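Chain naming follows the written order as A, B and C, and within any one chain the residues start at number 1.
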Amino acid sequence: MDFFLQILVNSLVTGTQVLLFAVSLYLIRSVSKIEHVALGAIATFVAYMFYVVFMFSGSFVASGIFALGWALIFGYISFHLLEKFYKNNDTLLGLLASLSFGIALESLIGIIFETDAKSILDGVLPVVDFGLFRITTPGLITVSMGLVLTMIIAFVVLRTPYGRVLRSITENNALVSSLGVNAGFVRMAIYCMGCVLTGFVGVMIGLNSALTPFMGFNLVITGFIALFIGGVTDIRGVVVATYLLSLVPEFLINYSPRYLDFSASHKMFFVFVIALVCVLAKPNGLFSKRIRKS
Amino acid sequence: MKRKKVLGIENLHVQLGQRMINEDISLEVYEGEIVGIIGPNGCGKTTFFNAISGFVPIDTGSVLINDQEVNNLSPNRRAALGLNRSFQNVGVFKELTLEENLMMAIENSEKLPWNWMLKSTTRSYVNEKIDEALEDVGLRGHKKSLAGVLSGGQLRLLEMQKLKLAGGDLLLIDEPTAGVSPVLRNELAAQIKGLSKDHGRTIVIIEHDLKFLFSLVDRIIVFVDGKKYIEGTPKEVQADKRLQEVYFG
Amino acid sequence: MGYYFSVLIKIFISFIQAVGAHLTMSQAGIFFLAIPVSYSFMGYSLAILQKKFLLGFGLAFCGSLALTFALGLLLSYLYVRVSHESFTVLTAASIVGFEAFLKSFSDLTGGVLGISGIMRPGFMKALPDIVLVSGCLMLTLVLIENLIFKAPFGRALRGLKESETLLESMSISANKIGTVVICLASLLSGIAGSLEALRIQFLDPTFGGFPNLILIASIAILSMKPSVRTLVLSTLFVVLLPEVLRFFSFNPSQMGHMRMLVYSIMLVILIRNLSGKFTSAQRIV
């Protein structure tokens, strides 16, 4: 039972990291129809900026502010990078541009900081012991903050006028503008919010384990997959899909028979297989009803 | 002499989402006829065409083309049976040239082999047909231009020529005069009449311009709220009081 | 001389792979991002059939070609079954999934250490021989692609990009066209991968992957028009541009990152400039 709970808690931490990526992707996609996969690299870069200031100052606040500033800068850059693709309705090219931008950022990180792992916190990580399981402090912050933020975002998107504006911007930008909404500003704000959310994840990963140039990549790809198998317009589906893709591979690896010899390197392979099965069974999302193509 | 039935619709029901768009529609169209379909906006006319051509699934009922049931056939298989259609937003590839658009129509109707352009006789034959078709609508000068440079009316004319070259027995034409000037409407009417009289096509047209339609068709079918309301000659339909209310208030 | 032969081989192999991407992404509008998977898959199949199953080159090549074709069929089944966006997502995810598969099933693939000592056939013992073979293949593809653009299949591809509905209404099966072009792209990418595997005589899980996708996508996007000439010029431009970096004395461990940085920045600039400009002389409605 202890082992089961510990695996569950560890998976929840990873799952919540992926969830914040998926929610950021969902928000950005809601306003621009573009999947901004560079968020993984942005999260990594922001985490490295936190690391740089922390190494000099030792202050979480100063490092946090600096990292937040970088996240906002990347939000601004992302908006200007991808706005043209949104306006020209070249959304798949926007995806390619975002992918390339992400790879460029990761390469830059590799050049500046090199590829060896860097730790923000030296020594043993602070751990909270709940008796049946233990969780690191950064992990606990990730899970609690992540779930709270996701619930707030889901509530805003589904139940408030702001959410309705968000969802109608991609439908008809001109119509939304005629209602007095500055659609461009809303999009930029969402890009910034997405970068801040993922920057937060990047910093938490850095605090929880170690920084490497490509640490955000697998997480954003998993979030990207979760977005589609959950249903791109259904935040509930995105949440369920994220935890499905995070928990199932973890349990498969840890509870598989010894002769199968599944290890952590099998994880992305399982993620892909689960995605394939879900997309074939439910092409329009986990909670979709069968709809006709008209 | 018994006329050949080209299109048979039996108790057609089409539902999209929670709404029944077409309800219990039955009709027949015979060889060589031009039949018009009219009705207020949102009464299911285009959905009806989409159901016949396979772009929307049918809930119950059947569609027969030349007495063959096509319910389970994909759109391209129905097209191969002799069904051709135009579209509300113009069925022409704007990123292909006028020549290429018409080439595709000829290739499919005459089942040309993949390497036809290597044979000079076939090349000359195809070129001649394309030139003739473009000359017919005054677009010969734009042969090598992308179709996207044409105006709305010119695109419609190109579409008519494409339909002419595509062959087939049955033609579904969806709102051909939408966005077209009065002058070009006369030309369009002439093209449609030519398709029927000179090429023996059976045509079903959806149209809102009643004057344009009544001068062309043999029979009119009126759709109201997804159902077939009335069917008759243009005179009979025009005299119907409820139709006058529906259209003119 | 070895360096120049390697660059020539890289140009030829990149062109062979780019033809598939050109037909799928640029002409048909199918964002088939699993091109690096086919590239890696056929390379690995060839190596495994030779080294583990001890087949001769001819049999191993045919076997790996058949397996790659089967992979193409599987991917085209996905294309037919799911939405275009989901297909793009799945093919992008397949790159990561396949890399994980290569790392995990080490008995077959050698795991993270990969497979070394891949034997070249007799007619491709030296680099000049590989130049000759890949060069001939490139020339053949130049002729074939030219023919495709003039043939009904080429028009159907361009029609598919614009309107699947319209294509279907002309009795052309969009699914069939998509299947053929995806299988073709898969095969061409696989052949390119096997040639590269024979050149370097070593494979590891990073063979192919997103760097390969960025390279090929750059070429395909630069040559959006249905023209073989632009495809050749794009290939030359994209492959030769990072070679300029060799004249700068970078740390060898940073060269890989520098190349990727150059490619990705170039791609971002290219597609931003080309966005909305893929068709010429269009009336703005």
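One rule holds for everything that comes next: contacts are C-beta pairs under 8 Å (C-beta built on N, C-alpha and C of every residue); 3 or more make two chains touch, one makes a residue touch a chain.
Computed from a predicted model, the values in this text were never measured in an experiment.
Ranked by how far their CA centres sit from the centre of chain A, the chains are topped by B. Here C is the chain whose Cα centre lies closest to the centre of all protein Cα atoms. Centre-to-centre separation between chain A and chain B, using Cα means, comes to 49 Å. For the pair chain B and chain C, the distance between mean C-alpha positions equals 41 Å. Distance from the chain A centre to the chain C centre is 29 Å, each centre being the mean of its Cα atoms.
Residue positions of chain A touching 2 or more other chains: none. Shared interface positions of chain B, i.e. residues touching 2 or more other chains, are given as 55.
By the touch criterion given at the top, residues 150-153, 155-156, 158-159, 161-163, 165-174, 279-283, 285 of chain C touch chain B in their complex.
Residue ranges of chain A in contact with chain C, taken from their complex: 35, 81, 84-85, 87-88, 90, 92-93, 95-97, 99-101, 103-104, 106-108, 110-111, 114, 218, 221, 224-225, 227-228, 232, 262-263, 265-269, 271-273, 275-276, 279-280, 283-284.
Those residues of chain B that touch chain C in the complex are listed here as 53-55, 74-77, 79-80, 84-85, 87, 91-96, 100, 103-105, 107-108, 112, 114-117, 145-146, 148-152, 166.
The part of chain C that touches chain A in the complex is made up of residues 31, 78, 81-83, 85-86, 88-90, 92-94, 96-101, 103-104, 111-112, 210-211, 214, 217, 221, 253-254, 257-258, 260-261, 263-265, 267-268, 271-272, 274-276.
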